[in-house]
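Dumping the structure here so I can ask a few things about it.
Chain nomenclature is as follows: A, B and C, assigned in order of appearance, with residue numbering initiated at 1 for each chain independently.
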């Protein structure tokens, strides 16, 4: 319990100064909210690798020591601060809570936060897990293309994704069995075309593709106009500058409104504590991607943010035995994505909803 | 020595992840000065006695692509171990002695081995022009007929590339997925389906 | 001031702890219900929402259904204030108080259902205005948090003022109450509209993505809310000595007939749109009413709801049955059942079934969910019981401030079972 109760010495006295001199720390919660548009702006190029947001971008409200006891502190202090807020609206007390969001951390805070996560994971899984926070690169807008005329529905992508992204594994012997997969492959009949009402995700023949059928893998479409981030009541999910829609697993309250809003069934909920055996852990993680999750939060495909932010292809692209999966930078005029968009017939899933996916289905033949 | 050239696709699952792991930019797939791997330009052997076709040369020299190791077993390479260049039987026939496992289902009515494999030096292939190419340039051979696929492949739209999305890439050859003798992609056993919501507890 | 408050609390405690046998049994029952629900919730807290039958395909269920229904109750309870003003019913403040207390209890239950539905209740601070990071104005759920809390505060203020004044034997300040009561009317509309927008703002859910949803919500709320109030008024005038005229009750019933008719008309308009146009989006209505691919779990409820609403319309429309208290009460119960189904499972579940990729998972709440829900209902009913148990003696002048000796001497132990 020692480190779950806030130590007064952790409170950075500068925070008081910052607040007073800043003059903008009133009672209003709305005025200093960071709009999505701000977050979408390219980040400064001179960011230090391994940290996340540049403190200069968002008003610097240094509360360094608190990052360590982020969640615990929020819980234990909730009532107290609620009372303070009701009584006198003390700016400092309110800032504590705003400060604990990953999106609003300064670089040193992020560094400290990542270190704490690594310690926690070490204690929990007895494995060295590195948690990175590579920021978006300037000028990059990721996009994905999938060749519907090539996909054979073998589900190699589904399982490679699970291995890469530390999803909850099947646990038939355990108390709870809550396996999570981010990609769902739909089998549909060629005669009926793309008709989701007739789709079957549970097909299991001896061999695929089955005669007369085609396959449509569906995961997060990384919408440019994502309905899921719009509805999140606590701003725990947002679209990054490179177009990847991410979740702050330490801020999500598990209301599942984003899942209700998503037209693609792309989000998954940890209904129980995820089952992630030590031997199955991928230790190379990103704070907004494949780091181990907890019970009661939502997760989703991030196009392997831990890989693609370092130049690699997503795991599903690498595994696909038929080369149906294409990935690249939409802004690169010579990349494969632009080649697809310029030369092939493209199908956008539920285009009428104006979600503007950056996931393009296409017909190679 | 039993020669097996029939390409069984089922092992690809094992190899592909390995390939992608070792796909350091530009890294040659196997070592050695093997004709399996392109040296910039191979002149056509003089046996035809013709000057190289300029069009074929242009195509040949225009682009080369970093490719994964062609799917040929080590134990039957080089081909010239057996095919020493003497006593070449150029007649179309059913193979009875060696390579009996090859079932040619690739426009078999009009084509046979020496349309692609070079009769003089069996470690090479040759284009319609007579220009010889190495096995890791086989895409040029395929591209002679399948021009649209070749174009897509070069752009990275058809087939598969590994490596860096923003840097060096390695291409899989056409023959990594399509056996040149039976190009139709073989069906696979799918991996396990997802858990039904009713089985989650 | 402190002395007054102390007296008030002392008197209130006295009234809460003294009652007839029925009252004690009722309170004991509610406490048991709460304990049972609390036990269920402790399991859910430990194991996660896995103990419910919500899954990735149907990620909202019984809890949110109850939440939606109860927002309607909260909204409609206060709207009764309008006719009370217009038609100058006798004990106006008593009716206002009952309406407001019902609204407060309903909001308590709403907040309870939302709380038990979230996966990380330990992070409740994140959603608190000012303290958390409320995604306002973008998220409709953030709006809902704001309007529900505002509505709660509004109703608590009005009731507290009236009761505090009554405690001192004084009339409420018109200048304070009337504007707030009038303001509470659009506020009531706003909480239910925002809750409707929560659903109708989702492009990916065609069953909800419909302009008529908010009007339908209001129409159905004006059926179920008054249905509860009508029965409450009858109970209270028998047990608590409230003087409420038959004419007032019948006036409410008459107004309700309009609401039922409008609600059914909206339903018909929805069904016409679905079935005449016969687009792919029909699958949800089809699942609700007729079942889809052998999944027919909701049909019985859906038709029960329609039948209950239609019969209630007849009972409320025909003057003979409307003025007969037996048939009137039958109508109220039918209406309650009809709207409870329509706004609860009949709204949430078909909206999510089939899921966005066409999969059909038949959601049926688990025993756990029922148990937790029972606890939340118990909490709301207990809150209402306790509040009304204090409010009525105060309103009737049986619990007043005694300035002389500084002690509350409860006039007569009020022998009624609320």
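Operating definition for what follows: contacts are C-beta pairs under 8 Å (C-beta built on N, C-alpha and C of every residue); 3 or more make two chains touch, one makes a residue touch a chain.
As the structure is a computational prediction, the values presented were derived from the model and not from experiment.
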| task | Point out which chain occupies the most central position, where each centre is the mean of Cα atoms. | result | A
| task | Determine which two chains are connected by the greatest number of contacting C-beta pairs. | result | A-C
| chain A and chain B, separation of their C-alpha mean positions in angstrom | 40
| message | Can you work out the whole-Å distance between the CA centroids of chain B and chain C? | response | 71
| Any idea how many Å lie between the Cα centroids of chain A and chain C? | 36
| field | Contacts with 2+ other chains: residues of chain B | value | 200-201
| task | Any chance you could list the residues of chain C touching two or more other chains? | result | 50, 55-57
| Which chain A residues sit where two or more other chains touch them? | 176, 178, 184, 201, 271
| Can you list the chain A residues touching chain C in their complex? | 27-30, 33, 36, 71, 74-75, 77-78, 81-82, 85, 89, 94, 97-98, 101, 175-176, 178, 184, 186, 195-199, 201, 218, 227, 230-236, 251-257, 259-265, 267-273, 295-298, 350, 353-355
| chain A partner contacts - residues on chain B that touch it in the complex | 12-13, 16-17, 20, 152, 155-167, 172, 177, 185, 187-196, 199-201
| message | Quick check: in the complex, which residue numbers of chain A touch chain B? | response | 140, 147, 152-156, 158-160, 170, 176-179, 181, 184, 201-209, 271, 308, 311-313, 318-323, 326-329, 332, 335-336, 339-340, 343-344, 364
| field | Residues of chain C touching chain A in the complex | value | 47-50, 54-57, 59-60, 114, 117-136, 138-142, 145, 198, 201-205, 280, 283, 352, 354-359
| Complex interface listing, chain C residues touching chain B | 50, 55-58, 361
